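Here's the structure, in structure tokens; my notes come after.
Going in written order, the chains are labelled A, B and C, and every chain counts its residues from 1.
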Amino acid sequence: MKLTNPIQNIRNSYKEVMIKKDHCSCRIPQADKVEEIIELTREIIFPGYFSDSHISEVPCLAHTKRVVRRLHKLLKTQIQYSLLYLADREKSKELKKKSCTLCVDFINKIPEIRKMAYYDAIAHYSGDPAAFNLDQVVISYPGLYAITVYRIAHCLDKIGVQVIPRMMSEYAHRVTGIDINPRAEIGECFFIDHGTGVVIGETAVIGNNVKIYQGVTLGAMSLRKGQQLKGTKRHPTIEDDVTIYANASILGGDTVIGANSVIGSNVFITKSVPKNMVVTTKEAELVLRENKKNGTI
Amino acid sequence: MKLTNPIQNIRNSYKEVMIKKDHCSCRIPQADKVEEIIELTREIIFPGYFSDSHISEVPCLAHTKRVVRRLHKLLKTQIQYSLLYLADREKSKELKKKSCTLCVDFINKIPEIRKMAYYDAIAHYSGDPAAFNLDQVVISYPGLYAITVYRIAHCLDKIGVQVIPRMMSEYAHRVTGIDINPRAEIGECFFIDHGTGVVIGETAVIGNNVKIYQGVTLGAMSLRKGQQLKGTKRHPTIEDDVTIYANASILGGDTVIGANSVIGSNVFITKSVPKNMVVTTKEAELVLRENKKNGTI
Amino acid sequence: MKLTNPIQNIRNSYKEVMIKKDHCSCRIPQADKVEEIIELTREIIFPGYFSDSHISEVPCLAHTKRVVRRLHKLLKTQIQYSLLYLADREKSKELKKKSCTLCVDFINKIPEIRKMAYYDAIAHYSGDPAAFNLDQVVISYPGLYAITVYRIAHCLDKIGVQVIPRMMSEYAHRVTGIDINPRAEIGECFFIDHGTGVVIGETAVIGNNVKIYQGVTLGAMSLRKGQQLKGTKRHPTIEDDVTIYANASILGGDTVIGANSVIGSNVFITKSVPKNMVVTTKEAELVLRENKKNGTI
């Protein structure tokens, strides 16, 4: 009774304010299923680490089969939703077939993703003196989590799956505070320590053996033009063996950090740096005065 | 057996160290229910995006009824807990009635919240060249998530609901890394990109069409006086059409950023800026030297 | 059928790329159980705040017994996994007994952890003018959440439990964006406001009544030597009554911030500061120009 009017008002609001669609009604990929796809793929990559089972170098065949089949079932459906959602309704039969092909394409790429994720894990262990062993890195390091999800999402994006890769990267962003666009290109043995606040933009290019710390932005210079900038290279290029310490910002699509250079904490860079350099900010002059007024700044 | 002593020690500790209450025992609002209230309200705002259903401009009536009724049931109870918790036990009947009224008041405001959230979604799409379409923004952008939860929490705070709004904003903070106090005042078409590390304080005032990026703080100058500062305006005012790039800090209750101004990345501001300005930091002198000692800084 | 080849490829990849173990197969502590251990311990520390029950100064005995027994059951098993995982298989009986002892050791420390967590809660309430009351701090402040988990993980680390403490701290990191290594030493009445992006390294030492804000790093200077730095003091010492405002970085194992000093927002420190000082950066020169080109920087 008392809800009749509020419900009517909400119904009216649907007619006044709406996100217009070219198609009248459709499904979109489901967040919970996309999250399960991430976790199943991680279980294939690092078998036994995330399930109620034993870790082993080579898990039993039945386990692999069970996980791969479950992944196939879920991913096929979600890819189908993403294809149907973006296409004409009439093509639905054709798209069903295509979603099946794309799904198997992805599963065929998992051994390659595994290798990359394994190199990333080693980079995390050898780069962090607080790391106990490789297993600890695999089960609890947010940097490795975010990079593994990036490798999965990037692979799906490459083979032509839409919508789902960005859902994956935003899920990893939520879990870790690390925001890596699936379209960025990142080489082998990538290491992110702590990671909260890291942003790696859509057109960033990163070489091999790169290390970055919390709060690092690989971003764009100015974004006031919004959608007009679509497709342009807006984010920097980081060459092999570069280290970028905490909270440094490197901006602009033409900015290149040369191989084997080191960027200090908090450095703000909008121009290229040659290779083999150490870049710090001229030490900001600190002002010290006695704390007389109980800490008032 | 072996637990008898430990349990006794814990019981003793309850008598020694306690959070004193004026009432002897009570319920407080429940985190899991508050989270479900957020998700139900988001499902009403963007119908079909977060449930196992189809997205459509106007969902079927049965769906709206089901979601609104579930929301009403949950919210009424949680508001009742928040009222009872803060009041005399004798008033319980009166407060039950009041919680019902407050709950319907909130549901009546949803069409207004919807309109604001829809404008926010458009601001996110048009401001970000990496955004694919509006649907993607709705299902996966953390900025829109945090702002939508802020709009819900702010509305509850305005109609007089206590405790629950801050639980909501801390939930969004946990999910997104974006911390917006429900008491801040924020205009239409607000855009937060990436968002991790953003802090918007209790007494901040933000106009229309404002864009902010990751790591931006709209904060207080000095907080050594703690609770004595309660109620004073401690956070800045941002006028219409301002853009604030990543990791900039704007501090102080008297600080006003004038309309249509742009604040560059990493800029640190404690004084007002006139309207129509671009503010950057005088470029910090970078020190480059050859990387001779394998990256030692 | 179509999955036969992909599965075979994944099986082959297990033989080519693997995390080598000295033992052929084992269990590691389980993330979901470790999270439940955290929540049960928090429920003992702040009774009634996180369960579907009433908050009260002294909860009923049955409630305490139920929660402690459940905690004992879970923790004993997870400690056992962590011990077996790191040891010879033959010692399994001995380690089962040891895991039981360690588990009771931890439960015996809970009253001490409670006292510390209670002081932390008071520090959060009195330091934040936006805090409504102590209950709100307990149920929704991420700073208190992260510190409570740190106190639990630090205690487990001290009594000799391995692997699990770091899983706990990374769980809190995920929930709050605050990354406190369980081995850091932190005094009474610690306060973290907002918190996203805070990093407190493994060898940091923090006194009593210290307050820190979002984005503060207590970090290492240079990490290019990775695992070779294991065991050295790499992170700073913060003495009693120090306040460190947002996004300040304090780096290096020899750096000491003297008692009662205040470090301003964004200050970058790599050398010691005497006691009773206020440290700010010489105000960076701001460049203001008219916004002529629609915000291009």
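Definition applied: a contact is a pair of C-beta atoms (placed from the backbone, for glycine too) under 8 Å apart; a residue touches a chain by one contact, two chains touch by 3 or more.
The structure presented is a predicted model; accordingly, all values stated were derived computationally and were not measured.
Q: Identify the chains adjacent to both subunit A and subunit B in the sense defined at the top.
A: C
Q: Report same or different for the subunit A and subunit C interface, where same means the shared residue numbers exceed half of all residue numbers found there.
A: At the contact between subunit A and subunit C, which are copies of one sequence, the residues are largely different (under half shared).
Q: Using just the Cα atoms, superpose subunit B onto subunit C and tell me the rotation angle to the nearest 5°.
A: Nearest-5 rotation angle for the superposition: 120 degrees.
Q: In whole angstrom, what separates the CA-based centres of subunit A and subunit C?
A: 24
Q: Please output the residue numbers of subunit C that touch at least 2 other chains, ranges allowed.
A: In subunit C, the residues touching two or more other chains are 177, 196-197, 215, 224, 243, 247, 262, 281, 284, 295, 297.
Q: Can you list the residues on subunit B that touch subunit C in the complex?
A: The touching residues are 2-3, 5-7, 9-21, 24-31, 85, 162-163, 166-167, 170, 173-174, 177, 179, 181, 183, 196-197, 199, 201-202, 215, 217, 219-220, 223-232, 234, 243, 245, 247, 249, 251, 260-262, 264, 267-269, 273-274, 276-282, 284, 294-297.
Q: Within the complex, which stretch of subunit A touches subunit C?
A: Answer in residue numbers: 44, 46-47, 49-50, 52, 54-59, 61, 64-65, 68-69, 72, 100, 104, 107-108, 110-111, 114-115, 118, 121, 125-132, 134-136, 138-142, 175-177, 193-194, 196-197, 211, 214-215, 221-222, 224-225, 243, 246-247, 262, 265-266, 281, 284-291, 295, 297.
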